[in-house]
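Have a look at this one.
Naming follows writing order (A, B and C), and every chain is counted from residue 1.
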Amino acid sequence: MEFWNEFKRDKSGLVGLGILILCILLVVFEPLIIPYKEAGTKWRSIEYWQDNSQSAPPVWTNLFTKTKQAASADLRDFSKTVDADGNTIYQFHYNYQYDLAPYDLIIRAVGTGTIPLTVSVMRPDKQVIELFSTSLYNLSENEPIRISILNSSRDSALSFVREFESEENFGNIQTMSAGVTEIIFSEAKPGFVQNQIPLKGNYIFEIKVSQPIAEEGQEIPKVYFEEPHISVVGRVSGLLGTDNSKRDIFSGIIAGLKWALLIGFFTSIISVFVGVIYGIITAYFGGKVDSAMMFFWDYFISLPVLPILIVAAAIFKPSIWTLVGVLIVFSWAGSVKTVRSIALQIKEETFVEAARALGASHGRIIFRHMAPILIPYSFASMALAVPGAIIYESTVSLLGLGDTTVVTWGQILNDAYQGQAMLTGLWWWIIPPGLAIAIIGMTFAFLGFALDRILHPKLQTR
Amino acid sequence: MSEVLLEVKNLKKHFVPHLTLAQTLAGGKKRVIKAVDGVSFSIMKGEIFGLIGESGSGKTTTGKLIMKLIEPTSGTITFDGEDVTFTNKAKTQEYRRKVQMIFQDPYASMNPRFKIRDVLLEPLIIHKMHGNRAEQIERVLKALTEVKLTPPEEFLVRYPHMLSGGQRQRTATARTLILNPKMLVADEPVSMIDLSTRAEILHMMKEVQRDLGLTYLYITHDLSTARYFTDRIAVMYLGRIVEMGPADEIIDNPIHPYTQALIAAVPEPQAGKVDIIKKLPISGEIPSPANIPSGCRFHTRCPYATEACANNPEPELMDAGNGHFHACARWKEIPKAQ
Amino acid sequence: MENLLEVKNLRLYYHTSKGAVKALDDVSFSLKEGETLGLVGESGCGKTTTGVALLKMPSPPGRIEKGSQIIIDGTDIVPLSDKEIRKNIRWEKISMVFQGAMNCLTPVYTIGRQMLETLNEHRMMEEKQAVELIKEYLGHVGLPPEVMNRYPHELSGGMKQRVVIASALFLKPRLVILDEPTTALDVIVQAQIINLLKELKKTFNLSFIFITHDLALEAEVSDRICVMYAGKIAELGTNAQIYGKEPLHPYTQKLLQATPLLHKKVDTLAFIPGTPPDLINPPTGCRFNPRCHCTMEKCFTEEPPLIEVEPGHQVACWRCVK
């Protein structure tokens, strides 16, 4: 097709198109790509992110540091055996090659009724630490079980330390700098209260579910214990790290991509389209029509957006589409003034006069003759409106007017601001959403300019 | 016996521009710009009628009034026996099919984003003529052939900027012919064309006129070209016609002092004139149409003006015989041109 | 009498990505003091480019090629630096009234302010002196001194052109190049300006190079006429030789036949089919051969040189060579 041949000639247009296709593919294949499948809908759920690291840098930062920090992991492979006493033993293998231990280990499962269980770990040096032992009572049907080693194994850790530490050092236990996990994962030698040397190797975590003791005359209650897995809460996590609410930022970015495209696309295209047509019509008809339309516009553009948004939020449910609608309503007026001045000039062009002399209707002149000349300006406006729309959405989210059922880049940025990411040095929280917005804006800009080059024949070099 | 195709009676167009705030505060009065101030003439079927004037004469505005691109302040326009001064939408569309315009700047008169095919299809689309697209293209090809742009298929896909000035003006002419009009208004159609191509365009226009039986209103400031191309001319000054008649007659025997001055000022490609300082009996420049002089509006520059010329009412066109009309009250007393 | 201006083998090429546009390709002519030389031709022939070249102001990517000579009052200005040209040549020896200059007057400054600015660009003098000089020259072009306080939009076209002419003269150059000085003006105003130019020429003993596409106007203004086509000179002759008898070059002949006459009814006006050639790859041989009505075989193979066929009359056409 002639159009495609023309388009191919503009390298930046191809770049824009390439990025756009990539984005569309990412949206289509989101379920496959996104690490946390329900990140989009469960962004605000504390439970969903419970087991994740908090404010953790991305895993690849380990490439740049000497001290390798433990990465988050999910241990789901286990071997299940039943021992002589009828206890079910679930074994998880964990190969630890880091210098800095994970922040926490979370044991998870679902269970019903009464479950006595014991969690222990066998280290590469063959030492076994019993981390946790208790009976869980009266669990309702398939109730989730969650045990945090950090919280529950402190005493066990201390005992372990006592075993291997010198008396002297142990006495200074108040100044112990190590946490539970550090102790678990470091060499057991004197002095490891203060300085830990990582013990690298294969760790085997064991969950032992015992048979409960039967009551007199009662049947042995069945133990319902399913889906055990261990979450290693690393110090680095994910492709883009996590925020202070433990949310995986990469998932957030991927989940937010479709909203960015939608918000950007719809808001910019519709509002610029409306604004351009409005500007052309008011310029074309002039006189009283122009006065009336510009009066309306004047009023519109001076409207205080925020109070109206608040009132609107009070009346309407804040969904993302309402938001897009509101954004359109408040953005269309921006391009009108410039378009009007350009249109006033185009109106005086001889070919417009010639079209009138041929008997062209107002509609034909406006849409066939004048509007196409404003395409370059429209595309530029649309491209520039896209990042603006996305940011505007985030401001709206700040007011609690955003759609809490979805996650958008604007929201992520906003959370970063609220969570003082700058001050706490969480660069991986700030840069990805900002960069993503910029890239989308650039993509639309490239596409816009390439399209205009084709649609404006005089710019073609022949 | 030729019949009258277009008749214009006492046509006037006065512009009243809005005062700025500053002007209103300064107590300014609303100025009236009398661009066309009482113009009357008729064009016969099959005739080429020239409207001659300098800038500010009102010739272009008259053309636009006849094209109904602007509405007259007063006066009448009659076309083919019908009063078309004020028409409703349907009648206006009908009129547009009959009267078309060729503009001065061939490049500016076409939308640069349109292919030639679209430029020429436009009138057919607007007036819903000539059936389906295939038939319309046929008509377009025919029009291109009529203006000698051959092979026409080659021109369909080009853009205006790929054509030469002469080719563009032919395309513009083809665009007017597509609707089978009865009359063409040409506003300085060759002034932006190279000299060597001018005659070609004028030749083409004359051929088209003959073949299709058209009538032309030819607006220009160039007296020499007007003599070559037109049958009758009317000379305009400051919104009124000061002289009208057969082109040869007017140019060989001008009566009105303004016409005489115009003719004296035109340069001619003859040897021996280098050291001659031309005698220009009139002085100054054309007054503003917002401040039209009293009486005969030419009296401020006329070498023969008397007090009567300034005080008496403005002279109407008088018949000097032979279809030669003029508006000089003192014509019998002033010397004829050399 | 020594020639005031001698142009020898002037070549000006625009070096574009598509190739060199040979806007001027070996142009040679001379001008005596007190003479008006007319450069006439159609769009793209190189007449404006010649004017601009004489001031050494080709717009980039134009360049005056090596081998060109522009000798003013005995000095070849081609090798001179821009600084020297600005100091000694431009506006001092040669000045120019550019095409459409009257429309380039800034609407936000008064006439006086703009003329002062032009004056100060070339010569430093006390403001009082400068104002006096400007008023003097406004008088020479027939304008009252109050014009200094007017804005361009308050002046008519003729008055603006007079201002531009005055600005070209006030440093007393010997040669003034006028590029289409009357094209945008009405016929009567045009005649007035031409009269003015003729008077100024006598008063100040000026030499003019008068550039226009209007053959009729050229006849009334120029002592010698240089007809240009596609960057070269087609014919160069006196007013009498071109307009009195019949010119020799087929192009000039056709051009004159294409010019309508006011006082004579012309039956058929001539025209030249085709368009001016591409200056990047001009036709081989004579550049006019695609459009010429009387070509010989030689016209397509060899480019005709400019040869003097009678005293003061040069033609570049094989048909005119004996």
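Please note the rule applied: a contact is a pair of C-beta atoms (placed from the backbone, for glycine too) under 8 Å apart; a residue touches a chain by one contact, two chains touch by 3 or more.
Every value quoted in this text rests on a predicted model; they were computed, and no experiment measured them.
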Common contacts of chain A and chain B, by label, are none
For the chain pair with the highest number of C-beta contact pairs, give its two chain identifiers. B-C
CA centre of chain A versus CA centre of chain B: separation in Å? 69
Mean-CA-position distance for chain C and chain A (Å): 70
Distance between the centres, which are taken as Cα means, of chain C and chain B, whole angstrom: 32
Chain C-facing residues of chain B, complex: 54-55, 164, 166, 194-200, 202-203, 221-225, 227-228, 248, 251-252, 261-278, 280, 282, 285-286
Touching residues on chain A, where the partner in the complex is chain B: 349-351, 353-361, 364, 369, 372-373, 455-458, 462
Residues of chain C touching chain B in their complex? 36, 42-43, 156-159, 186-192, 194-195, 198-199, 213-223, 239-240, 242-244, 254-256, 258-263, 265-266, 268-273, 275-276
Can you list the residues on chain B that touch chain A in the complex? 67, 69, 92-93, 96-97, 100-101, 103, 105, 108-113, 122-123, 126-127, 159, 161-162, 172, 175, 179
